[in-house]
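Handing you this structure, nothing more for now.
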Amino acid sequence: MRKPRENPYIPFDATITKIVDLNEESKSFHLDSSELRKMIYQPGQFIQVTVYGVGEVAIGITDTIYDEGFEVAIRNTGGRVTSYLHTMKVGDIVGIRGPLGKPFPMDDFKGKNLLFICAGIGFWPIRACIKHVINHREDYGKLLAIFGVRNPSLFTYTDEIESWMSREDMKVQRTVDSCSDEDCWDENVGLITSLTDDFKPQNPEDWIILCCGPPVAFKFIGESLNKNGFNDDQIWVSLERKMKCGIGKCNHCLIHGTRYVCMDGPVFTLGEARDMPGGLD
Amino acid sequence: MSEKPRVGIFGMTSCYGCQLEIINLEENILRLLDHVNISYWRLALETPSDPKNLDIAIIEGSASNQEEIEELREIRQNSKIVITIGACAALGGVQGMRNLMNNERVMSAAYSNLSGVRATEVKAIHEVIKVDYAVRGCPINKEEFAAAILHLLAGTQPPAWNMPVCNECKIKGNECFFERKKPLPHYQSRVCLGPISEAGCGARCPSNGMPCDGCRGWTEDAHVKQWIKEGLERNQTIEDLAMLVHRYSGGTKDSEIAKE
Amino acid sequence: MNETIDLKHIARVEGYGRLIVDIDNKQLKDAKFNVLEGARFFEGILLGKKYNEVPIIISRICAICSASHSIVSTYAVENALSIRPSEQTHLLRKLLVYGEMIESHLLHTYYLALPDYIRQPSVIPLASSHPDVVKRAFYGHGLGNEIQRKIGGRAVHPIRNVVGGFSMFPSLEEMESIRKKIPLMIEETLETIKLFRDLPDQPTIESKRDYAAIWDCNEYAYCYAKEIAHGYGDPFPATEYQTHLIEEVRPYSHTKFSSLNGESFMVGALPRLNLNHHLLTNVGKEALELSKLNLPDFDTYHNNIAQLVETVDCAQRSIDILDKFISDDFEFETFDFNPKPGNGIAVTEAPRGLLVHQYTFDEDLRCTYCDVVTPTAYNQHKMETDCVDLIPRIAHRPREDIELFLNMLIRAYDPCISCSAHSVKLDVKFV
Amino acid sequence: MIPRFISQEALKEWVEHLITQFSVYAPVQEKGDYDFAKIAHAEEIAFDFDRTRMSIKGFFLKPEEKLMSASASKGDPVASSPDTSKRIIFGARPCDITALNLTDNVFVKDFYDPYYMKRRQSTIIIGIRCTEKCRTCFCGTMDSNNPLTGYDIMLTEMDTGEILIQAGSDNGEKLFRGSRHLTRQSSEEDQSLILKTFKKITETFTPDIPTTGLKAIIDLGRTEFLWKKYEKICLSCGQCVFVCPTCWCFDVKEIVGADETDFGNLDKTARIRRWASCLYKDYHTVSGGHIFMPTVASRLENYYKHKLRGIPEKFGVWGCVGCGRCVSTCPVGIDIRESLKELTGD
């Protein structure tokens, strides 16, 4: 019998049990298998999804559906794997390796106020954190989540976000970069920084910020938050790199010779990321 | 099981070597035929049946006269996927060099009377019609061709390594033809194109004792100007080097280096 | 009744050719063979190129005879630059050519010609109707390729054959592995000779015209000789090819016509066999006997079976050379040379016939003149005169038969149209 | 084991004996340079070799290998098993052994790479110590000419021409058990001879390129001038990476239907791993087209920093063993020794 843990390059199989269209370019896939259910996963980690014969892609886990397996959301970037995944059907088999990488240290954040900043598809890995926090609501202080996308049609998991908006114990803000006349938007219009600029709580040191999105956005978000009294070590970001092995061997995700995103990350504090030259490229 | 995909194989101006390499697959052709119906192949089939409604069109050769350009447009209209095979189709091939030379002189050297010759500029296929995938090389590597077809049939793009020939050459542990100022015997005294040429051939020429010829074209990030600078230090003239980097790629738009 | 038979694309030949035959009341009025392949101007491209680039570029004229082009161009360049290759180089080149002959002949006979003889559109249906024949085809053809790969570095456009010698050599194991495979191929090809010989209801033609091939009085020359022999007269030096094999332009066509003593002539396997049959190896003679060819033979259709006889002969010659290499010490030679400018001519036999290359190099060793005449260019005139001989014999038959027999006739020449397209005047009249 | 001595002739005899039991790979002269090849007789060994063209890393991290095969429809991946028949690498140089110690670390740490390690475990390494500097080497500077582990046997030629045998592992000791008659025990008189030879070796390989403060210099980030300078000449051909004994970059691809025994079966897929180079643009390009290290300068910086900063931090040794292969293979003449001098301002 095959023992998957012995050989880190060999995936285990999982079946696609459900596919949901999130928006015109993204779908979410529910995956399940007995081995997958044994997987212990923490928010911020990622898995490597193999489409046999096509390739492998690193994906942040969007949610743990604790008794039905896992959910990953995948945007069709036009690459080999993502475009093929978008043609797959319920019942098809994929391979999984993981969980890989370091998670957000959620236990260290206990008792703190949390700000989630989700830029574009950066929402998906953060979604697992938000759900974790909601499930352990009493461990954490105030909650604020900021969502930003390019235009209103790109919001995903809208029902869920709206259910969070209706919660008393959590505040949600949404913004779009721009909107046309057809799909008008009555909430905030502007870059994410237009919301973070106004985020000036009384005791900034009580807050932890979890941020995910394109690395370039981190620079601007960081600047905006720094102005309001947050230091870089309070801000946690999740970085992205090309990945192949996912286990610190192949050197694809090496950032300027010193840190592996797959092993030392993908979660870093903004301070750590800034210390790595090119870390925020 | 739905009907097998219909495949047409077409030859434009070329040496037919890439189609020959398909034949050279020997028994494995039969394995490919398990998956496809060949509906048009002038080299191997009796008067072609019907080159319409093709799923895959495979084109060898470059476009070098008006008739071929028209035929190509027709093929594109009748095919879902167009893949090209060989250097002629992908880059123009050796005949493309005449684009960069004094065309009249070239043509009159071959033909004493030019009145009957109708030849346009040599063009790579993708300069004429949209091409979905190119199998490169002069000639193609038959295994690579078979793999490309199998991948397309499986619904995915064939894997490309996107590396220079030096990768495969060093993997094979070959002696480097490009080492600085190393004297080479006469017959090898050409600057190796390995560092700027696309891999995938298995470093065929360097593994057979000859410097790389660059038949698969440049890599995506080829540092051609730096390469030419290095070439000049190896007692080559700028004209020779310009012809060398375009030996197979005269039929593409990015043949500017030669003109510079 | 006027009838025009227009074989628009002659399929199963290498390249893009067309035959138009006008028949008026069962009398032949006109026959034209056209080359429709795009022109590539190799003679022009080579101008100004360094001598060592010449064989690499020129072998791209044609894939199926790439080894012949590569070898004859290296010989022509060596003749021009006064370079003397070693004896071992000559042998290796011969071996490479034998590999090419085997590959090309078997490709033609099995894949391109045989389907006609069993009235099938291609070789593909044969896989189920004649699986044993197709298996033989794969084996023999693959072996020819393997010889080319192990000697020349690859099956199409050899790499290792360079001006002066070989850039790399086969290993002893490689030679032994080819050597072991050849006897079965010979056996199987003899079977195929019988198959071709005994096929019923096949067209014939009697076309008593001249034929030519390279000539070496000591051996059946497949690869490089100094003289050219023909059926009706004495051999002449290869350097005089332009005075004997005259190319002329006729007013009614753009196509150049090659003539020998004012007549069309044939090159290829059958002419070679006609001229050299007494120099065949013993196994080759056995094959000839089996084929029941009566030499000299003037039936163009018999070129197919002549190719099979040659395949057997080449296979035996390959064995002889390989045995010599395996038993004697094979040398891994390094070489260099001192080239001098000049003019050089070399002639060889491509699988489909006489092939001539000529180059001139200047002080800088750059090419200033280049002439390449390919076998199909020589044969073109005879393809038309053959129609004159054939039509009266078959004019009474139904049109499908006439078309088939004409197709078979052109294919019997094993024409390599991409070869000839570089130099033949194009007939660009499109109907 | 107490070090023993063997004569040059007896060494050959011993190698002949080894060939009867193992596959023995040793440096031979080939195509104008030295390369490791499987040998059938001891006389094939080029004993005068300085270093081989390629390092020994290819024995463990194969240039190209199949990691697994699977079915496209059913999954069910099966790992391919590397060839683990016992073999000997005869004549590994100290720099290569030092590099091997480093890659051993990489392929065991955190996640265990079974392909690499199984090959490593089935291989016996017989090292030959260098007594003089070769071509472009600077192993003295990188402290790699005297590995303490990583070999099973180390041979050192004494001034007298005799060869000193030191075992580095139990396996190494076992290797001599049946052949003790070929060797002689070292005596107390030999002590001075050994000391003298080693002293000479130490003197030969004194550090000659400054590395003091290198880590701090890199951390300060004042290195851009060098990458900008090299960017103008580097061809990104990656040759330095492939010859480097401490570069272990690889790329992984999935392929369909290419099984040799079952050609054309579209259900059969395989995962292939192949050497790659971090100097290639494609290495840092993700689907969608974003390139994480778009310039040659940034990729060169990544390459150098990994060797001179990242690896020392993680493993406590230099990421360069000073074998100098990259120096002699670089087509445009980039020289890491010059780089070090320029970085430290010497």
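Each chain gets a letter, A, B, C and D, in the order it is written, and its residues are counted from 1.
Just so it is clear, a contact is a pair of C-beta atoms (placed from the backbone, for glycine too) under 8 Å apart; a residue touches a chain by one contact, two chains touch by 3 or more.
Note that this is a predicted model, so its numbers are computed, not measured.
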| item | value |
| --- | --- |
| Path length in steps (a step moves to a chain that is touched) from chain B to chain D | 1 |
| Central chain of the complex, centres being mean CA coordinates | B |
| Maximum centroid distance from chain D, chain identifier (CA atoms) | C |
| Between A-D and B-C, the pair with more C-beta contacts | B-C |
| Inter-centroid spacing, chain C versus chain A (mean Cα positions, whole Å) | 66 |
| Distance from chain C to chain B - Cα centre to Cα centre, in angstrom | 25 |
| Chain centre separation in whole Å, for chain D relative to chain C (CA means) | 51 |
| Centre-of-Cα separation between chain D and chain A, whole angstrom | 39 |
| Residues of chain B whose C-beta touches two or more other chains | 151, 154, 156, 159 |
| Sites on chain A at which at least two other chains make contact | 53-55, 80 |
| Chain C, residues touching no fewer than two other chains | none |
| Contact pairs between chains, per stated definition | A-B, A-D, B-C, B-D |
| Footprint of chain B on chain D - complex, ascending | 31-33, 35, 53-54, 58, 63-64, 72, 232-239, 242-243, 251, 253-258, 263-264, 266, 274-277, 280-282, 296, 328-333 |
| Residues of chain B defined as touching chain A within the complex | 151, 154-157, 159 |
| Residue numbers on chain A that touch chain D, as the complex places them | 2, 6-13, 50-57, 77-82, 92-95, 240-242, 244-245, 247-252, 254-259, 263, 277-278, 281 |
| Interfacial residue positions of chain B with respect to chain C in the complex | 11-21, 23-24, 26-27, 30, 33, 38, 41-48, 61-62, 64-65, 67-68, 93-95, 97-98, 101, 105-111, 113, 116-119, 138-139, 185-190, 204-205, 208-210, 213, 240, 243, 247 |
| Touch list for chain D against partner chain A, complex | 67-68, 70-79, 106-107, 109-115, 221, 248-257, 269, 271, 273, 276, 278, 283-288, 292-293, 298, 301-310, 313 |
